[in-house]
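Presented sequentially are two complexes of subunit A, the first with subunit B as partner and the second with subunit C.
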Partner chain A sequence: MKKIILSIFILHFFIVSALLGQEKKDEVINIFEQPILITSAGQSAEVQIASVLAKRAGLSAALSKAAFANELKGIRTLVIVLGVSLKGLGAAGLDISQETNRVQILVDDAQRKNIPILCLHLGGETRRGQLTDDLINTFLPFSKMAIVVESGNKDGLFTSICKENHIPLIVVERAVDALQPLKKAFK
Partner chain B sequence: MSFITIKKETIKGSILFLSIILISFFSGKQFLQMHKKDIIIQGPGISSKVKLSVYFPLLKGTPGDTDVYVFKGKEEGGNLLILGGTHPNEPAGFLTAIILIENIHVDKGKVFIIPQANHSGFTHNDPHEGNPQRFPIQTPEGIRWFRYGSRLTNPVHQWPDPVLYVNPSGQKLSGAESRNLNRCYPGKAKGNLTERIAFGITNLIKKEQIDLAIDLHEAAPEYPVINAIVFHENSAELAALVYMELQMEGFEFRLEASPKNLRGLSHREWGDTTKVKAILLESANASHGRLKGKPSVALIIDGKDKNYVKASRIGRLFVPFDEKGIPLKVRVGRHVAAIKAFLSNLQEVELGKGIDITNFPSAREIIEHGTGIYLEPPK
Partner chain C sequence: MNPEKLCFLKKSSLTIGIFLFFLIWLCFPSSKQSLLDIHQPYNYIGKNGMVVAAHPLAANAGLEMLKKGGNAVDAAVTTAFTLNAAEPFASGIGGGGFMVIYIAKERKVTTVNFREKAPSRASPNMFIENGKINEEWRKTHGLSVAVPGVLAGLDYALKKYGTKKLSETMAKAIEISEKGFQVSKTFSAINKDEYEKLLLNAGESSCYLNQSFPYEPGDIFRNPELARTLKLISRKGITVFYKGEIAHKIVKAVKSKGGILTLEDLAQYKPVEQAPIKGTYKDYTIFTIGPPASGGFHVIQLLNILENWPVKEWGLNSTAYIHHFSEALRFVFADRSHYLGDPDFISIPIINLLSKEYASHIAGQIDPARPLDFYPYSEFHEQENAKENTTHLCVIDKQGNIVSLTQSINHFFGSGIVPEETGFLLNNHMDDFSRNADSPNAPGPKHRPVSSMGPLIMFKGDMPFLALGSPGGTRIFSSLAQIIVNIIDFALSLDEAIESPRFFSYSSQGKARSIFVESRIPQSSVKDLEIIGHTIQVRQAYDRYFGGAQGIMIIPYTRIIHGGADSRRDGCGIGY
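After this line comes the complex of A and B, so read on.
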């Protein structure tokens, strides 16, 4: 009997811990500092939504869709908005390999300067695909936190990368719902 | 004997000749049906109706001259231009413009609506496509018919096409694109008819100091830029705000930046050559696509197509597509919702440029009850 009670107690402990852990994940607060540099990985227009969200959250943010390493001067957080748009790449005069190299250099420099990275994916299911997935696989592991729109994580890609790399993942229903977690994430 | 042979040949020849005459007569008559104008009823809120040639007199008397409906508010505010019928085979844009013309009242600012931007394109309908010439819309008091035209200017009005077309912005395109209004911006005063229409519209934007211009389109479900808001970089913040507002109202859109190297399009050239915030909206029209089955009135209105359902299942489309299809009422409803969202956010990014419209049709009601509820009865 004692064994059964002990087992139930242990099981209960693990369930409660897991639930608390999950809750904690959803309430990632004050881990980033300002000012912020917002850039795109893939040149999708969601970078513009991120900029509006940052403005609405009252954050000190600069938007540079195709930012280079020299723009990290004085920056305390790098926000990378993941999502490939061929139209967007065309508009920026970049191809996917140039874009990947640009972001890689930026990420490397941010790592050297201890600038934390926050990854966003706001375009949902329609902004997934091989090219976007390649960028997610390449750059998401470098992030300190990620906020993604639920429909973009239907296959669990973000969940698995974040779990593997111990990255807190916030899943929101719509892009506009990213406002509150974004606000809370900054000091 | 020889007399009889000659007589037989003469009879055969006469029958053939008569058949050709009859076929030519009836097909010609059918062809000319496309020149019969659509009836657009002036709503109570209209201040005036002018011709595009007011802004570019060389268009006067040409098949490119088209009606501009003007709504002036009592209070000063922003100026809005809405374009339907840039491509007359994209009926959601044209119908949205008509619904607005027949309903809205402007209290603040000015609104200009051109429902048939490429007027010439409404006078033919690409016979090789097998599309119906007209489609009906049921209003509470009867049916109204509208033309289903062509993407391009009528070759009768602009002929021949060059082998290679270099548009006014210097981009090289295939010859037929010289008749595509949305490749001819900002237009040319001494150019071909389509370039002159584009020049007239650009002049209107400049002379009326338009703050926001929205070009209404449709595209095939297999086209990547679909259910989309395409924005010039000068309207990026506005477009992002609109995207989020629409999302809150349950409308999913894609947000796409206008590529700087894709020249001649409204969302690029309007923004580059004038100060206007240039926007292009795309809805998903199965009757416009290459994968569609038999072209029909039902396909235009109900938007149902088995081939597209199959294509969706194997992941070949850029928009969800099931057995319910994407009806015209949904496509128009999405355009109406997006225009409304742009108006409600314009004031936020351009202080003093607010535009107040009353009697604005409800997107949800259009989607639920159809476009006919907002159309005047046939006259």
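After this line comes the complex of A and C, so read on.
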């Protein structure tokens, strides 16, 4: 009996470890160049978190919450922070369709100029919902890499989009944990 | 089969069963959530007393005070201080508020106004820079800070109607600030939303950020500086806040951010006890606080208008109901912007605005088939000279005394300004003054800005029936009126009424604005409203935008008390 229970728990341990560690295996080093432009898709405050992370990582970064294509001049990486805040949109004087159009134009221009895109989702579970999911579905496929907070990927949305589009996905437990992968991702 | 073998098989099956359950639980984390739906209506039940508040620690602190023999005022003050520790983003000693008190023995209702006041150097054009309104000055600058009133108001109520010492009511808040508590999803989400303001004003090393970043759900939030501040006030009394070392720190912090608040402004602050205003809805009487609080005042106006229509026949959240209610709201907003200000400085035709005749006149103007093109304010030829983002809590004690209290620092995390080493946030309630320099609610020296707060107590006959209030800015009175109609007309229980989907609309300069609806409002109603000419904006299913109401209902002819707490925030009730 003891052997059965022990075997079950060992099996349990391996299965759970494998499941939890699945997305964390991706490690992407030195694929992006500086300077970078950080912008929001959805005007959530996480764009500010990304800016502080970039500062801590010692990256040469400019923050423009509602950036336009002309701000891509001289930029080597575009960082898009995904997450809709109705409050943030209101403060920026934008509605969701205007915001989506703005980001689409920016992404199109970045693609034309061969500027790679790094997508971040740092708001976790509380920064999901239909509007955010629409932006994730629209813009994540354009990215060369994604870093997301684990609780925001509980339903595997990021995992499935990244898998489908062969995008390396780094899953971190908390927003602050994005610092190291961010540092490593840049030359 | 022999019993030992059977027992072994049973044990093995049980072990495997438990293992599989945990495996499924780990693999499908969403199933963890479905085990507990926080939005499921739930009425807390008590017989001797009840506290409902926007955080479980605060409700618990209030109940402990009741059990220790404190009365409703003692418990309300305890709960209010504890909210400063447990829900610091919504209220605290850097803010202001209002309370309605029912003294059962005397069958008396009174109100205490501890709304913030503008500094003595405030002026109607103080937010104008280069001919334009500077929005940052109104919200995150030193100019956004008004003279805080919470401490003076709670101390006044406690001394006049309570039985405990200030230090006793602060003890739990001190303990929670020192020990800390787990951050909820609500706290974390709001902390993230206000991150930019906190970086700007509180700074990266502030306790309101976790090593420079927003708190995640489950993190421990501690505020030892607030604990020290509260201990100092416990020892020395509120004078240390209004005239002593804390006053100096407040003025220094506000001035360093460009503000104009002075030591004299703080020293001169006084709360005001004032008679309640009264209204009726069907068989019920509502007591609430009058201007500069407007929430309860507008609830009465709205209910007066609604009385003219067959609301029950239309049905909850039907097209007709939402249309008529929204149109009524638009008229209420027109009057609000024309008449409301600080009654210490202007005359408000309260009696006219709250009359049934006036409500009937408004109801008569509303077209059942479509929204109007214009919503004018009303003219009263003979004006009566009637100079007579927040949290809400309600308490009832064993003697039947009731407190309904709403307090706020305005936007979540207020101005974001924290006086050095004090741990509390200063309000940005100067933003509640009108942007129009000619408005009765324009900023002026020592004026109190109009507030949407509206704590109220409702009676059926002579018996208290419902204590209710909510945060939510200008959505407050719309939400409170909907909850009351849900209970009275649609026969919902208290918490069903609170959790029921909400909507809101308003007018600005006489023009209709969208109807904002929670996504749970029936699609058929939304479509029909669009067909008749309304613009609809759909928000989340349970959206904090519509407030976070708390209420206590005394079930008629019984000794049973129900508590309802809003799941749009971390509302909780505890009875005994």
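Basically, the second predicted complex is superposed on the first by the 162 of 187 C-alpha atoms of A that agree within 3 Å, B and C clash if a C-alpha of one lies under 4 Å from a C-alpha of the other, contacts with A are read in each partner's own complex, and residues count from 1 in each chain.
In this section, a residue touches a chain if its C-beta (ideal position, glycine included) is under 8 Å from a C-beta of that chain, and two chains touch if they have at least 3 such contacts.
Predicted, not measured: the structure shown is a model, and the values here were computed from it.
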item: Subunit B versus subunit C as contact partner of A:V52, first or second or both or neither; value: both
item: Partner chain in contact with A:G124 - subunit B first, subunit C second, else both or neither; value: both
item: Which superposed partner A:G42 touches (first subunit B, second subunit C, both, neither); value: neither
item: Partner chain(s) touched by A:V176 [first = subunit B, second = subunit C, both, neither]; value: both
item: Subunit A residues touched - subunit C or subunit B, whichever exceeds; value: C
item: First, second, both or neither for A:K154, with subunit B first and subunit C second; value: second
item: Which of subunit B and subunit C A:P168 touches, first, second, both or neither; value: neither
item: Which superposed partner A:G93 touches (first subunit B, second subunit C, both, neither); value: first
item: Shared contact residues on subunit A - subunit B and subunit C; value: 44-46, 48-49, 52, 85-88, 123-124, 126-127, 174-176
item: Residues of subunit A defined as touching subunit B within the complex; value: 43-46, 48-49, 51-52, 85-88, 90-91, 93, 123-124, 126-127, 174-176
item: Complex contacts: residues of subunit C adjacent to subunit A; value: 8, 11-12, 15-16, 19, 22-23, 26-27, 29-30, 185, 188-189, 192-196, 199, 204, 210-214, 216-217, 539-540, 545
item: Of subunit B, residues touching subunit A in the complex; value: 224-225, 230-231, 236-237, 239-241, 243-244, 247-248, 252, 254-262, 318
item: Subunit C contact footprint on subunit A (complex, rising order); value: 1, 4-5, 8-9, 12, 15-16, 19-20, 44-46, 48-49, 52, 85-88, 123-127, 129, 151, 154-155, 174-176
